[in-house]
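Below are two complexes that have chain A in common, paired first with chain B and then with chain C.
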Partner chain A sequence: MKEVKGNVKKFLSRFYRQREIEDHEDIFALGFVNSLFAMQLVMFIEKEFNIKIDNKDLNFENFRTIDSIVAFVDARST
Partner chain B sequence: MRIELTDEQIKKKDEFKEFVDTSIIPYAKDNDEEENMNPEMLKKVIESKYLGAPLPKEYGGLDWDQITIGLLNEQFGRGCSSAKGLLTVHGMCSLAILKWGSEEQRNLWLPKMAKGEAIGAFALTEPNIGSDAKSVETVASQVDGHYVINGHKKWITMGQIADIIIVFAKLEGKPTAFLVEKGTPGFSVKPMKKLLGSRAAMIAELTFQDCKIPIENIIGFPGGGITHVALSCLDYGRYTVAWGCVGLAEACLTDSLKYARRRKQFDAPLRKNQLIQKMITEMTVDVEAARQLCYKCGYLKDVGDPDSIVDTWIAKYYAAKMVNRVANNAVQIFGGNGCYNEYPIERYLRDARINEIIEGTTQMHEVLIATNSFVRYS
Partner chain C sequence: MGEERKIKCVVWDLDNTIWDGTLIEDSRIKLKDNIRNIIKELDHRGILQSIASKNDHSMAMEKLNELGLVEYFLYPQINWNAKSSSISQIKSEINIGMDTIAFVDDQAFEREEVNSELPEVLCIDASLIDRILDMPEMNPKFITKDSKQRRLLYMSDIKRNKLEETYVGPKEDFLKSLNMKLIISPVMDDDLKRAEELTVRTNQLNATGYTYSYEELDALRFSDDHILLMAELEDKYGTYGKIGLALLECKEDVWIIKLLLMSCRVISRGVGSILLNHILTLGKKAGVKVLAEFKPTDRNRMMYITYKFAGFEEVEEKEDLVMLEYKLEEVPNMPDYVDLNIIEGSTC
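Take a look at the complex of A and B:
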């Protein structure tokens, strides 16, 4: 779980450099999210955690915060 | 990162080269002059099963890795830009269904598309809308349990022969993707002729007039047409276009080498002329540099690296500009013969030009790449 969070934070830090994003912070509100980022985030999660993201998983709530991404990965990995 | 092909990829490359030499190149000149894809050639492409290259085996596809798919497009690009266009748009349509379609859509269309029993196309561009894709003017509305589409699409590769088309239209103001089948009432096709290049790509203008499609024919979700469906399809399109440019540039180079050996001026072959050697050098380095960018993209795609999307922009951008430089040099080496259709060089030049426009113009790529560079290299 801790490792998942660390990897997600490291990935997000490539796009948002002003400061470290808080675990519960809404990343869509930070202003750097666009369709390219969305595609890259999906690819990152699929590759990094070896899970397949389906159409039905593409719910903003799954990706809104670091905590929600970690919870999504955790749920799909078990 | 491996920078050499596997034994299997080398074998496939030889197979593709042989196929293009025997089943594509003999038709390329007539395809261009008649502005029509020769049905015999199309039959051979279908029989080769190459149209199923990117699709999983469960749907009858070949499930090839991205490098192998790149090599296929490179060879098709070497032989006939229009035939390469078929691989690109058929792949874009089938991958949209694979990635964003429902299980029913996948089961219905993908086996037919893998076999080439159904040809796919991708209809985004319109008479008034090119780069600004999110502003498509075609509209869809939900009426009595159906979607009804109204609008026009233009410059649609394979539009004349496509059996199934991904059409982008605004649904309640949000760009959305739909599947439209050939023969649907209200859907009509008008061939477009006298184009600069890719003249046999069966390009068409499509009209939708109260075209009623089943409610199940939405692809992805309302509002996801550009951001999700088109973006992922264009990623594949750009990758295959980049490889096609490498192939076309290689055709320019190898034809120029042959010509420079044979053609004599001042009692010596052209190749003895150092200014010709300069052009050959630039062409060689250009082709190799673009090929390496394409290999890198293929590798990143095969390992699922998020950077593959941006690297595909870079490869497509470079390859599209590169093939124009190389084709221009080829015309220069051929001189008058490069300006006449007795040789394929003038066709190469015309076909090369198209690549700076399709799947995102050079200028749109400059905006995208520069914007990303501020993130990537800061």
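Take a look at the complex of A and C:
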């Protein structure tokens, strides 16, 4: 799942321009839970990994860190 | 209520529509009778305007400048592309629905091209321009302070967005650099028209899509079991206007958020979460559970995500209505990039 992680990191780097986010770091704790960013993140994951995210899976915990996103994508694509 | 179609942006052709003649053939073209008046009146009504013209860009801009009209048009598309592509560009720059755009052109070919690519756009034959001001789609129910200055509000957004694009630091630092101030207040007399306008105009960032009339809102703000809040945002470039509205219904130990909406001009400012945070803080003080209604539409998924990521969970679903409940013990701290100014007044 190295590829998934790399793509997620690349996406996030557009928003965090000055430093790399650690895999376990809470990306929302860093300051900007704005609706647009949240939406863009969800849409990026759907499109990039070709999965449809149902409302029941739209839980904060699934998107909070790079690790949790990778685990979520992993579980959904197998 | 609010179902009738309202146009938010009129996209004009230039040659033989705004003026008589073809600019590249004869630079001494003449404005059509009454067109200046129509453009100014639409502007006054808070309807934005833009251009989709196949022309030489600098020549046409120079002419518009000479005519004193250039400032009325946002994101003018003067190029040799298909008009449908120009209109799509304008739509995404302004961030409005395709069905809120009207396109005026003298050539049937161009109107048909737009009609077949973008069937939601209202196409108007330029020979009918004298009727434009009387069309119901061009007549907003109210003209508010926000609508009168709408074009200027969008103009300052263009400046901000340019700065945001070129800003090299982290996004949070950019937000900090704006010196934003969010004012949350009860809805005053003067705000009622704008409040109604917000319920009618806002689609993407609207959790339920309920619309309320002036009279209903007026009754709700004095109601003992409702809280009606309005949010206004300013930054160092000036005001964004009154951009947010929330309505809570208070029951004995539960508050239900019936309405939470934000103008799409503030989509990336994080202020929706701040307004929500404020509501949660009030709820905690009152010792009540906070629930929120959500009614899915084809455009408002972002509000669902906003609730879910703020700590709400789905507790009930019936027909087309989802009930969410705030499940976290604590209310998160307010972000420090916004100076929050709360004017007390609306309580249960």
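Note that in this section the second predicted complex is superposed on the first by the 78 of 78 C-alpha atoms of A that agree within 3 Å, B and C clash if a C-alpha of one lies under 4 Å from a C-alpha of the other, contacts with A are read in each partner's own complex, and residues count from 1 in each chain.
Just so we're on the same page, a contact is a pair of C-beta atoms (placed from the backbone, for glycine too) under 8 Å apart; a residue touches a chain by one contact, two chains touch by 3 or more.
If you're wondering where the values come from, they're calculated on a predicted model, not measured in any experiment.
Q: For A:Phe63, is the partner it touches chain B (first), chain C (second), both, or none of the two (neither)?
A: second
Q: So in the superposed three-chain picture, is A:Lys47 touching just chain B, just chain C, both, or none of them (first/second/both/neither)?
A: first
Q: Report for A:Phe15: first if it touches chain B alone, second if chain C alone, otherwise both or neither.
A: Both partners.
Q: Determine, under the contact definition given at the top, whether A:Phe28 touches first (chain B), second (chain C), both, or neither.
A: second
Q: In the superposed arrangement, does A:Asn55 touch chain B (first), chain C (second), both or neither?
A: both
Q: Applying the document's definition of touching, compare chain B and chain C: which contacts more of chain A?
A: On the superposition, C touches more of the residues of chain A.
Q: Kindly list the residues of chain A that each of chain B and chain C touches, one partner per complex.
A: Overlap of chain B and chain C footprints on chain A: residues 15, 17, 35-36, 38-39, 55, 58.
Q: State the interface residues of chain A toward chain C in the complex, per the touch definition above.
A: Residue list for chain A touching chain C: 15-18, 28, 30-39, 42, 55-56, 58-60, 63.
Q: Could you list, by residue number, the parts of chain B that touch chain A in their complex?
A: On the chain B side, the touching residues are 100, 220-221, 224, 226-228, 231-232, 235, 303-310, 368, 372, 375-376, 378.
Q: Would you pull the chain A residues touching chain B in the complex into a rising list?
A: Residues of chain A touching chain B: 11, 14-15, 17, 35-36, 38-41, 43-44, 46-47, 55, 58.
Q: Can you list the residues on chain C that touch chain A in the complex?
A: On the chain C side, the touching residues are 168-172, 175, 205, 262, 267-270, 272-273, 301-306, 308-311, 313-314, 322, 335, 337.
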